[in-house]
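Some structures to go through are shown next.
Two complexes are shown next, each including chain A; its partner changes from chain B in the first to chain C in the second.
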Partner chain A sequence: MYVAVKGGERAIRNAHRWLAEERRGDPDLPELDPAQLREQLALGCDRVMNEGSLYDPDLAALALKQARGDTVEAAFLLRAFRTTLPRLLSSVPVETAGMRVTRRVSATFKDIPGGQILGPTFDYTHRLLDETLGGTDAEIAPAAVAEQPVDPVVPRVLDILDADGMIQPEPAAAEGEPTDLTREPLLFPVGRDAWLQNLARGDEGFVFALGYSTQRGFGSTHPFVGELRVGTVDLVVEPEELGFPIVIGEVELTECEMVNQFLGSKTEPPQFTRGYGLVFGHQERKAMGMALVDRALRNAADGQEQRGPAMDQEFVLYHSDNVQASGFVEHLKLPHYVDFQGELETIRRMREAAAREEGGE
Partner chain B sequence: MTELPSLRVRWLQALALASDAEAERFGQSFGVGDAAFELLRAPEVGLVMARGRAGGTGTAFNLGEVTVTRCAVRSSGDRIGIGWVQGRRLERARLIARLDALLQSAPSKAVDAAVTELEAARAERQAATARKAGATRVEFFTLVRGED
Partner chain C sequence: MSGAYNFAYLDEQTKRMLRRALLKAVAIPGYQVPFASRDMPLPYGWGTGGIQVTAAVLGQDDVLKVIDQGADDTTNAVSIRAFFRKTAGVATTERTAEATVIQTRHRIPERPLHAGQILVFQVPIPEPLRFLEPRERETRRMHGLADYGAMHVKLYEDVARMGRITTSFAYPVKVAGRYVMDPSPIPKFDNPKLHDCPALQLFGAGREKRVYAIPPHTTVESLDFEDHPFEVQRWDRPCGLCGSTDSYLDEVVTDDQGGRLFCCSDTDFCRERRDRMDEGR
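Then we have the complex of A and B:
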């Protein structure tokens, strides 16, 4: 039951005024410029771009500032903003093989053409708090520069394994337009194109935890990182008015290819299978989680016994989106006075009926 | 062997990828401020759905949207100029569209030289990053054990 309730306008107005003051914090401290967030909290902005499903570092930084650092709220702001813009085109699929890598590691092969490139990573740090970052303008030693740059094109590690026939080849590209979840409803069972889009815009925590669950026995993966790469790729579009493709910019991406041991079946020999993750910005946990869940969903689609939530399409795809989850869970905070009154009445009547029955016996 | 991109493709790309200062200098050197244009499509911000491929090579999927800006103009010489650039960048899209119209009737040698300069600047930026990445390349050493 829904009955419109009026009132509270002044309280709402004042609540938002106070919010603005709280957002600003101590006025004796300098105000943050979104450009500072973009540059110095870049990974937070990357998360907002992924879950907001909109690549625009400046807008992500603005959203993060407006949301007081709440990444889920900031993603919601980007999702709302994107609805105000027309969709002009779809890009030509990005060429991740041609990625200009800033980081590229493989846990399966030590000696890979192009080498293991650590890039600007938290890995191998000691996770000790660095008090020198506490607001002093300490001089930062510039990054080391090698004589020998990394190669402009670094071959895909799985292509090397693939050449030996030890890994399941990537299925041929399907014909036709991929599903677009921003325009089409989820109708199960969905294809891999739909779940990859869903996972790419899904909540990092949810996707990562599901990936984790597959390693712990609630799924069927025995994964290795075949390759994890971070870098920039060209964004290519083919506008109708030009009739030919052009590069109009570049986006930073993180790509993860997981390989999984597969013991073979009646129709397939023992081999390694693959799982794929691709996300905006530098988001390794998200890309790895996505690759694990992709594998689990593929196993389920191949008819393997369902051994955990990560293999359940409906469970994964219906619950990955934190903007949708916010809508449904957080609306519980809004007034439900009439619904609750109705339920209260029901409970009262049930109790009265029970009491009458007891009294009548 | 893939075909080399045409000069027009090269300028459309180089102008979209140039720094603000580079693009402005380029525009000045071709007198874009002195030419008259009719606006066919005012600079407009919109979205491009960026696509990826499963496994990097397989089925295409929708990765997420990217903000872009487009613009179209007609020069007094009756050339149509088209501008596309990633991001919300009205001025850059307008500049690209104007230059696209102008450059179609400019001497190709001069255009080629100016575009080559923009491309070289981008390549240098990329090389600087690639050299930083090169410094983080792992060199493995084989440890020889002494028991044999």
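Then we have the complex of A and C:
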């Protein structure tokens, strides 16, 4: 008698053992230490921290190792851990003007107070494979150290424009706790705090592609990079029972402020508007994409004509999360034979009916 | 039971949030209640909604059954059952009659459920109007106004073009005369079992962050027309293993010569019938 395929606990167990073997690769080669990933594949770890929504470079590196380098799978591991953590308090908003910058550029002014600081960037490298990295312990010429240290406070470029009234003032921050999409369902229309959180957690490729689409006519942004900065900021909390702020650590952030032209309306003078991106670690593409999409969403919220998917709140926010997207797309691998049988039955009946009709003619 | 996590994985605050949402769902049959769905250690689309609902209703003394496609031994059912065995340490069973909580994907057991049982459905897309209207703001408005014209037009267009309603699973129902509801992708064969069921039926959609419910003994009607009444799938042959003529059958390809075996998709139902046949012998 035929016995339907037994999925079986044993098959699952063995599949996972095989996976562990594959993860290890050739046992003659030394095993990777997560610390090596944290230090040498830092940008991959940064992506995992953003999409995993948890700032912990060590755990991100561990997740990346466990996921065999699959960043989406690694972000999923981090998310599933994060969801079990208690939420103790919210930090005081970070002050990025006080960022200890390692990189800071503006495309809108030739020189800016605090200076243009290129920092460690792929920009202007020639993308030629470097064979000297093929072995181990390649010699690295140390970078020169500047004669003067970077100013402790580097003013934000857009604050300079702001002082001239050239840029649309930002609305005051809403009172109370900001929205937390990991603790509340997404209900439309959402406020800007919710969409910024959604974009920061969103898939880099998706957010970046949407930002790109706004530059090609599927949206209405005409952007300049007002400023892009990378560096570390202090994380400050102010517990009620203490009544004074304390620094609990520092995080590395990438912040992007895009400037967009606005020709004015009946009620507002011509001015510039901004789009904002802020992400963990050194993630310039993500921060820039986020800033472009933020602007597109704000234009839509301000009642501008919808000219592309980036301006569509539901489209952007429902599809940005790659842990959700990968789960739902990949669930198609699960058995669907009950539903498929239903479809088969329907199609067979329809074919029978069609054949009868043809035969009757 | 693993000590690092709370009973049934979720922390008590999350369970309370879920139970509140479920109580609201029971109070408004068929209405989709938004809830703060959590990231789970299993992927979205693989039953995270059902798992959260099960975790919220499960007690120490419950007996859990998990099925996928009607079967207890499909890989995802095995995985979810193992998850609760590990995190809740509850007793599990494959017998529909013995279970107090049954989590299911794509089927309702053939054996009639009894009072006191809870059937938890895994739901991919909770919104029955989603494929007619992609926007959530709009579909919520449509439900609010009981504006279901678009759904009837869709079904009518099926009849006009194909001579029949072609939806074979996730067939829309109207619950307690008010809300049109997606019964999850169960075959329409199972729709009649939703009606006047003595068990509590709970639906969880994790990725879409919605729960909904059919309280015991609620009226559930499958949408249809007077001249095109709702009908369920039927097969020209009985189950090849137990001979049942009134159960939902899987079609199993047995060779590359067109050989097919039709057998019950509900493995517990089929086993029970075969056991009885053996006893009778």
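The rule we apply is simple: the second predicted complex is superposed on the first by the 350 of 361 C-alpha atoms of A that agree within 3 Å, B and C clash if a C-alpha of one lies under 4 Å from a C-alpha of the other, contacts with A are read in each partner's own complex, and residues count from 1 in each chain.
The definition used in the following text is that contacts are C-beta pairs under 8 Å (C-beta built on N, C-alpha and C of every residue); 3 or more make two chains touch, one makes a residue touch a chain.
Note that the coordinates shown come from a computational prediction; the quantities given were computed from them, not determined experimentally.
Q: So, A:Arg82: does it touch chain B (first), chain C (second), both, or neither?
A: Both partners.
Q: If you tally the residues of chain A touched by each partner, is the higher count for chain B or for chain C?
A: Partner touching more chain A residues in the overlay: B.
Q: Tell me the contact category for A:Asp193 with respect to chain B and chain C: first, second, both or neither.
A: A:Asp193 sits against chain B, while chain C stays out of touch.
Q: Touch check for A:Ala146: first (chain B), second (chain C), both, or neither?
A: In the superposed model, A:Ala146 contacts chain B only, not chain C.
Q: Touching A:Lys110 in the superposition: chain B (first), chain C (second), both, neither?
A: Only chain B is touched by A:Lys110; chain C is not.
Q: Given the touch rule stated above, what does A:Ser326 touch, chain B (first), chain C (second), both, or neither?
A: A:Ser326: touches chain C, not chain B.
Q: After lining up the shared chain so the two structures overlap, which partner does A:Gly25 touch, if you call chain B first and chain C second: first, second, both or neither?
A: Neither partner.
Q: Report, in rising order, the residues of chain A that make contact with chain B in one complex and with chain C in the other.
A: Chain A residues touching both partners: 82, 86, 182.
Q: Along chain C, where are the residues that touch chain A in the complex?
A: Residues of chain C touching chain A: 5, 11, 34-41, 43-46, 48, 68-71, 73-79, 82, 105-107, 124, 134-137, 162-164, 166, 168-170, 185-189, 207, 209-210, 233-235, 240-241, 248-252, 254, 261, 263, 265, 267.
Q: Okay, in this complex, where on chain A does chain C touch?
A: Answer in residue numbers: 1-2, 4, 6-9, 11-12, 76, 79-80, 82-84, 86, 182-189, 314, 318, 323-324, 326-331, 334-339, 341-346, 349-350, 353.
Q: Give every residue of chain B touching chain A within the complex, in rising order.
A: 9, 12-13, 16-17, 44-68, 70, 72, 80, 82, 84-88, 126-138, 140
Q: Going by the contact rule at the top, pick out the chain A residues touching chain B in the complex.
A: Spelled out, the residues of chain A in touch with chain B are 49-50, 53-56, 58-59, 82, 85-94, 96-97, 100-103, 110-111, 115-120, 143-150, 152, 156, 158, 170-174, 178-182, 191-194, 196-197, 200-201, 235, 237, 239, 241-242, 244, 246-251, 253, 255, 257, 274, 276, 278-280, 294.
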